[in-house]
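You will see subunit A twice below: alongside subunit B first, and alongside subunit C after that.
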Partner chain A sequence: MRGEKRFAWAMAAPSIIALVALGIVPLVWMLWTAFQAFSPNPTLPPQFVGLDNFDSLVSDPQFLGSLKITAMVLVAALFLQLVFGFALALALYSIETGRALVVSLLLIPTAIAPIVAGIVWWMLFNARFGAINSILLQWFGVDPINWTIEMPTALIAIVIAVVWQWTPFVAIILLGGLTTIPRDVLDAARIDGAPARRVLRYIILPMMRPFFLVVGLLMIIEIVRLYELPFFITQGGPGNETVVAGVYLFKLAFSFFDLGRASMMSVFLVISLSVVAALYMRLVADRKASV
Partner chain B sequence: MITTTQLKRRTFLQGSAAFGSMAVLGAMPNVASAETYDTTLNIMSHPGQILPIYTHHTDYLKDTYGISMKLLESPDPTSYQDALKDLRSGGGKYDLVMHFPRFNGDLTSSGYLRPLDDLIEKHDAAALFDNISDAYRSLYCEWGGKTIAVPVDGDVAMMYFRKDAFENEEAKTRYREKFGKELTVPRTWEEFLRAAEIFTGWDWAGSGKAGYGFQTSTWDRPFIEQQWAPMMASAGGNWFDDDCNPAFNGEAGVRAANDLRALLAFAPPGSASLSWGQTMETVFSDDVAMVLWYMDLGRLGWAENSWFASSGGPEKMEKFGYAEWPGYDVNGTYRNFNSMFYGRVVGVSNFTENPDACMAVIKTLLTPERRVLSMDDAQSGSDMYLKSDYTTDAFKVLTPSQEFLDAADKVINNGFPEMIMPGTGEYMDALQGELHSFINGSGSAQDALNRAADRWQQITDRYGRDKQKEAWAAVRASYKKAGLNIGE
Partner chain C sequence: MTRNPQTANAVTRAVPRSRRALRNRIRKAVPWAVISAFLIFALFPVYWIILIAFRPRDDIFQFPAALMPSNLSLDNIRYVWFGTQTNDPVIGFLGTSLVISVTASVIALAFGVCCAYALGRFRIGGKFLSMWILSQRFLPPIALVVPLYLMFRQLGLLDTYTGLIILYATFTIPIVVWLMLGYVESAPPELEEAAYVDGAGYWTAFVRVALPVLKPGLSVAAVFTFIFIWNEYVLAYQLAGDDVATITVYLPRLRSAIAELYGEIAAASLLSVLPAILFAGVMQRFLVRGLAFGGLK
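And now, the complex of A and B:
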C-alpha cells in the first residue's frame, strides 16, 4: 500500500513541480511585487510600500479609463458572441453532411494569431484604403468613416474584431452542447406539437446552460486580457479612449517598467475577474432555478 | 540644364568630399593588421530594412576580425524595452543593442550602456567618430559627457514639395488673389498653411483628380509628436524649463498644435488614419503638394527596386524639390527646426564579455567605404549620418541628387532632437495620448497640453526631480554644443 502511494506521488511529481514552478511561484512573486515600489533605476532595490500602489492606481485616470473601456467591450462583445455563436451552432446542428468541413473552416478566425488579426482588421478599417469603407461607399453610398481614430467607431471596430475572432469558437462549444441533447426529447416535443420557439426556450436553452456557462467564462477571461486587437487597430486612440486593461497593463510593465503598479493591477484584475465570473455563474444558476 | 554656377558648385563639393574622405581614410587604423577575436556576438537589431546595416558586413567581419554575428531582431518601438528587460534579468543577452536615441538617457543612467571613450582610444577610432555629423555626434552619441552610442541611421525629416505645383500658373494666380502675395516655397508655417489651402481641391497636377496640400500621419501616435515638436520649438517652446517643469504647454506649443490640426483640413480625405508608411501612397497617387518625410525618399526613391517603386516613385521623383521645415517669426526673430526623430543608434552592453570585438563592429559600421554599403542600397533604411555621406560620389548604386544631399546636410544640422531623458517612453506616451486626442478633434490645444504637462510632473516626481533636473541640464548643454537655440 505504501509502495503504491509512493509510486502515485512519483508519477504526479513532475506535474506538481511544473505547477509550482510555472504557476504558484510566479503568482506569489506577483503578489510580492504588488506591494513593492520599483525604482526606474533597476540597480536600486525595490521598497515595501504597502497599499500605495493600489492607492496610486485608483487615482490614475488612465487605469480607471481602461477598466471602463474593458467593461464596455466585455458587455458588447460577450453578448454578441453568445447570440451569434448560438445562432451559428443551431445552423451547424441542422447540417447533415459536410459539418466537419464547415466547422474546420469556421475555426480559421480563432486559429489566427491575434497579432495578425489585429493588423488585418486595422487594414480593413483603414479610412482611405480599407475594404469596409469601400464596400459601404459602393453598396450603400456611405461617406468614408474614420473608424480607428474617432469614438465610438474605434470602440465598435474593436468589438467587431473580437466578435469575429471568437464567435466561431463559441459556436463550436455550443454545437457540442446541442449534440448532447437527447434526440428523443426533441422528437417527443415535436410530436406533442410544441412550436420551435417553445422547444428552444423550455428544452434546448435550459439543457445548454452548462455550455453557456463554460464558454461565457472563457470569453470573459479572453476579453479581460485583450491586448493585440486594440493595440493594432486603434493604438489605444483616439487619445487614450480605447486603452483596454491589457494594453495599459503592458504599458505599465514593459514601457514604464513600473513593476509594482503593474503587479497590483494584475492582482486587481484577477480579483475583479473572479467577481465577474461569480456574478455570471450566479446569473446563469438563478435562471436555471427559475425554470 | 546645368549652369556654370551649378557646375562650379558641384565640382567644388565633389572635390571637398573626396578630400574629406581621403582625410578620414588616411586617419583610419589599418584594418589589415586587425586583431582577430574568434567570437560570436549577440547583436540586437531592428528588423526589416534595418538589417542590411549589419548583413552587408557578415563576411567582412568574419574574415577580418573572426567575428560572427548572431542578429536578434527586436521591433523598433520596443527594442529599448528588450534591453532593459535584459538588464533586469541580469544582463548578458546582447553584446550590441540598437535603439532610438531618445532612450540613451534610460539605457545609460540605468547602467546598461558601456561608455565607449576608452575603447575609442584603445582602437584608435577617434577619426571615425569625428566623421559623424556634428549634430548627431553631440546630440545622439553622448550622455553625461561620455560617448555611449554610434549612429547607424541618420533619420531626419525634410520638406518635400512638388515643384510642378509651385510652378503652376493657376496656383500662383489663386494664391495672389487670395492672399495678395506671391506663391513661394513656404518659409514659415503661416505660408505653409496658405500654400496647403491653395493646393487643395483642384487638379493642379493634371492628374484628372483633385489635389491636396499636405499629408501627414496622425494614426501613428509617435509621428504626431515628431511633427508637432519641431513646430513647438520653432515657435519658442521647449520640453522643460530650467527647473524641469514642462515648458511645451505655453503659447508656442498651443500655436504649433493648432496649426498642425488646421493642416489636416488640407490633407486627402481619410488620411488621418494612415500609418506613416501609407502616407507615401497618397503622396504618389493623389498628388499631394507638400509632405514632411524622411531622407529615405530622396535617397532611394529613384531606384526601380526600392519600396517606393510600387507606389510609382521613380517616375514622380523628378517633380520633387527639397527644403528645410518651415519656422515661425516670433517677435521679429525667425527660427525653424527640422524633425530629427527616430534615428537609430547602437551601443555596447555593459555586460558584454567582448567589448573589443564590439568596437571592431562599430569601427566597421563607421568606416566610410564599409558604411556606404548599407546607405547605397535600395533595400536598406540607413540614411546619411557621416560627414562624408553628403556627396553623390559616395553613391555607386543609388542616384540621389546633390540638391537633395545639400538640403539633407542643412536639415541634419538644424534638427530638433528627440527628448532624451530617463523616462522618455513614459513622458512621450502621456504627450502622444493628449496630442492624438486633440488632433483628431476633441477639446482645446491648451487643455490637452496642460493635461499632458500634469502627467509629466508626476513622472518627473517618480523618477526623482533632482535627478531629472540634472539630466535636463545635461541635455540643454548638448543643445548648446550642437549650436541649437532652443527655448531661448
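And now, the complex of A and C:
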C-alpha cells in the first residue's frame, strides 16, 4: 500500500513541480512586484512603494475605461454567443445526417489562432479593400463604413470577431448537453401533445442550465483575456475606445514599462478569474456528485 | 349513398395530411437553414483569406473588392515562402513553431498522462490536488505574462527555445490531465491488477498494460496541446520573438513593414492555419462527447 502511494506521488511529481514553478511562483512573485515601482531601466533595482500602484490604478481613467470596455464586449458577445450557440445546437441536434462533417467545418473558427482571426477580420473590415463594405455596397447600396477607426463600429467589429471565433464552440458544448437529455422524456412530452415551445421552456432549458453556466464561465474567461483581436483589428483605437483589459495590461507592462502597476493589474485579473474558475469547479463537482 | 360520406371523409382527411407533410418538411428545413447561415458566417472569412492569398497584388487594392475569384496568382505564396530583402521566408518560423509545439506537447503528454494516472488510479492528494491542477487551466497566459517576463529576464530564459518549451509544456499539462482523467477512470483496473499478480511492478503495469488502453485519449490530448501551442501569441511575442520567433509572431510583423503586405499576410496566415483546419475534424469527435465537464464525468 505504501509502495503504491509512493509510486503515485512519483508519477505526479513532475507535473506538480512544473505547475508550482511556473504557476505558483510567478503568482507569488507578482504579489511582490505589485507593491514595487520599476524603473524603465532594467539595471536599476525596483523600489518598494506599498499601495501606490493600487492607488494609482484605481484612479487611472484608462484602467477603469479598459474594464468598462471589456464589460461591454463581454455582455454583448456573451449574449450573442449563447443565443446563436443555442439556436445552432438545437439545429444540429435535430438533423440526422451529416452532423460530423458540419461540426468539423463549424469548428474551424475556434481552431484558428486568435491572431489569425484578428488578421482575417481586419481584412474583412478594411474600409477600402474589405469584403464587408464591398458586400454592403454591391448588394445593399450602403456607402463604405470606416469600421475600425470609428465608434461604435470599431467595438462592433471586435464583438463580431469574438462571436465568430467562439459561437461554434458554445454550440458544440450545448449540443453535448442536449444529447444528455433522455430521448424518452422528449418523446413522452411529444406524445402527450405538448407544443414545442413548452417542451423547450419546461424540459429542455431547465436540463440545460448547468451547460449554459459552464460554457458561460468559459466564455467569460476567454473575453477577459481578450488581446489578439482588438490588437489586430483596431489596435485599441479610435483613441483608446477599444482598449480592453488585456491590451491595457500590455501597454502598462511593455510600452510604459510600468511593471509594478502592470503587476497590480494582473493581480486584479487573476483574482477576478479565480472567482470565475471557482464557480466552474464548484459546478463540475456538483455535477459529478449528482450523476 | 353509403359511399358518399366515405369519400368526403377521405377528402377531409387528405387535406390535413398534406398540410402536416408540409409542416414536416418545414420542420426539417428550418435546422438546415440555421446551419447553412452559420456555415456561411463561419467559413466566409476562411474563403476570404484563401481568395486574397491567391489574388494578384493589383486586384487586391481595388475598390470595391471583388467577391469572386478572378485572376489567380502565386506571387503572395512565393513571396512569403522565399522571403525578400525586407522579410524572412516563412518556412523558418513554421519550423520554429513546429519544433516548439512538438517538443512541448511531448513533454506535456508524458508528464500529464503520468499525473492523470496517479490521480485517477491511486487517488493521491484527494479532491484538492486534482481540482488544483485542473484550475490551472483557468489562468490565461496574459495574467501571468508580467511575472513570467521578470522571472525569465532574471534566469536568462528570454528569447530561448528552452524557455518557451518549458513554459508551453507546463501550461498544457492541466489540459492533458483534464482530458486524460476520464480515460483513466473509465479504463478497467482489473487489467493492471492481473499484471501485478503476474509479478509486474507498478511502472511495468503502467507502461505495458495501462498506456496502450489510454492511447486513443492520448492522441486527442496531443491534438489539443499541439493546437494550443501552435496558436499561442502572447507569450511567444513577449518572452521570445527575436531569435526564437514562432509563426504567430511572424504574421503581425508583415503588417508593420513599410507597406501593408495584404496578400502576403493572407498567404502566410493560410499556411499557418492548415494544421488547425486538419485538426478541427479530430476535435469534433471529442467535443460532442461532452467537453463541458472535462474528464470529470
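Everything that follows uses one rule, which is that the second predicted complex is superposed on the first by the 272 of 291 C-alpha atoms of A that agree within 3 Å, B and C clash if a C-alpha of one lies under 4 Å from a C-alpha of the other, contacts with A are read in each partner's own complex, and residues count from 1 in each chain.
By definition in this document, contacts are C-beta pairs under 8 Å (C-beta built on N, C-alpha and C of every residue); 3 or more make two chains touch, one makes a residue touch a chain.
The model shown is predicted, which means the values in this text are computed figures rather than measured ones.
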Touched partner set for A:P42, first subunit B, second subunit C, both or neither: both
First (subunit B), second (subunit C), both or neither touched by A:N146: first
Residues of subunit A touched, compared between subunit B and subunit C (which is higher): C
Partner chain in contact with A:Y227 - subunit B first, subunit C second, else both or neither: second
Subunit B versus subunit C as contact partner of A:F254, first or second or both or neither: both
Subunit B versus subunit C as contact partner of A:G3, first or second or both or neither: second
Shared contact residues on subunit A - subunit B and subunit C: 42, 128-129, 133, 144, 254
Subunit C residues within the subunit A interface of the complex: 30-32, 34-35, 38-39, 41-46, 48-49, 52, 60-67, 111-112, 114-115, 117-119, 121-122, 124-125, 127, 129, 131, 133-136, 138-151, 153, 166-167, 169-171, 173-174, 177, 202-203, 206, 227, 230-234, 238, 248, 251-252, 255, 262, 265-266, 269, 272-273, 276-277, 279-281, 283-285, 287-294, 296-297
Sites on subunit B touched by subunit A in the complex: 78, 81, 84-85, 87-88, 106, 109-111, 218-221, 268-274, 278, 281-282, 422-423, 425-426, 429, 433-434, 436-438, 440-442, 462-463
Subunit A - residues contacting subunit C, complex: 3-5, 7-9, 11-12, 14-16, 18-19, 21-23, 25-27, 29-30, 33, 42, 84, 87-88, 90-92, 94-95, 100, 102-117, 119-121, 123-124, 128-131, 133-135, 137-138, 144, 164, 167-169, 171-173, 175-177, 179-180, 210-211, 214-215, 221, 224-225, 227-228, 231-232, 246, 249-250, 253-254, 259, 262-263, 266, 269-270, 273-274, 276-278, 280-281, 284-285, 287-288, 291
For the subunit A and subunit B complex, residues of the former touching the latter: 40-43, 125-129, 133, 144, 146-150, 235-241, 243, 251, 254-258
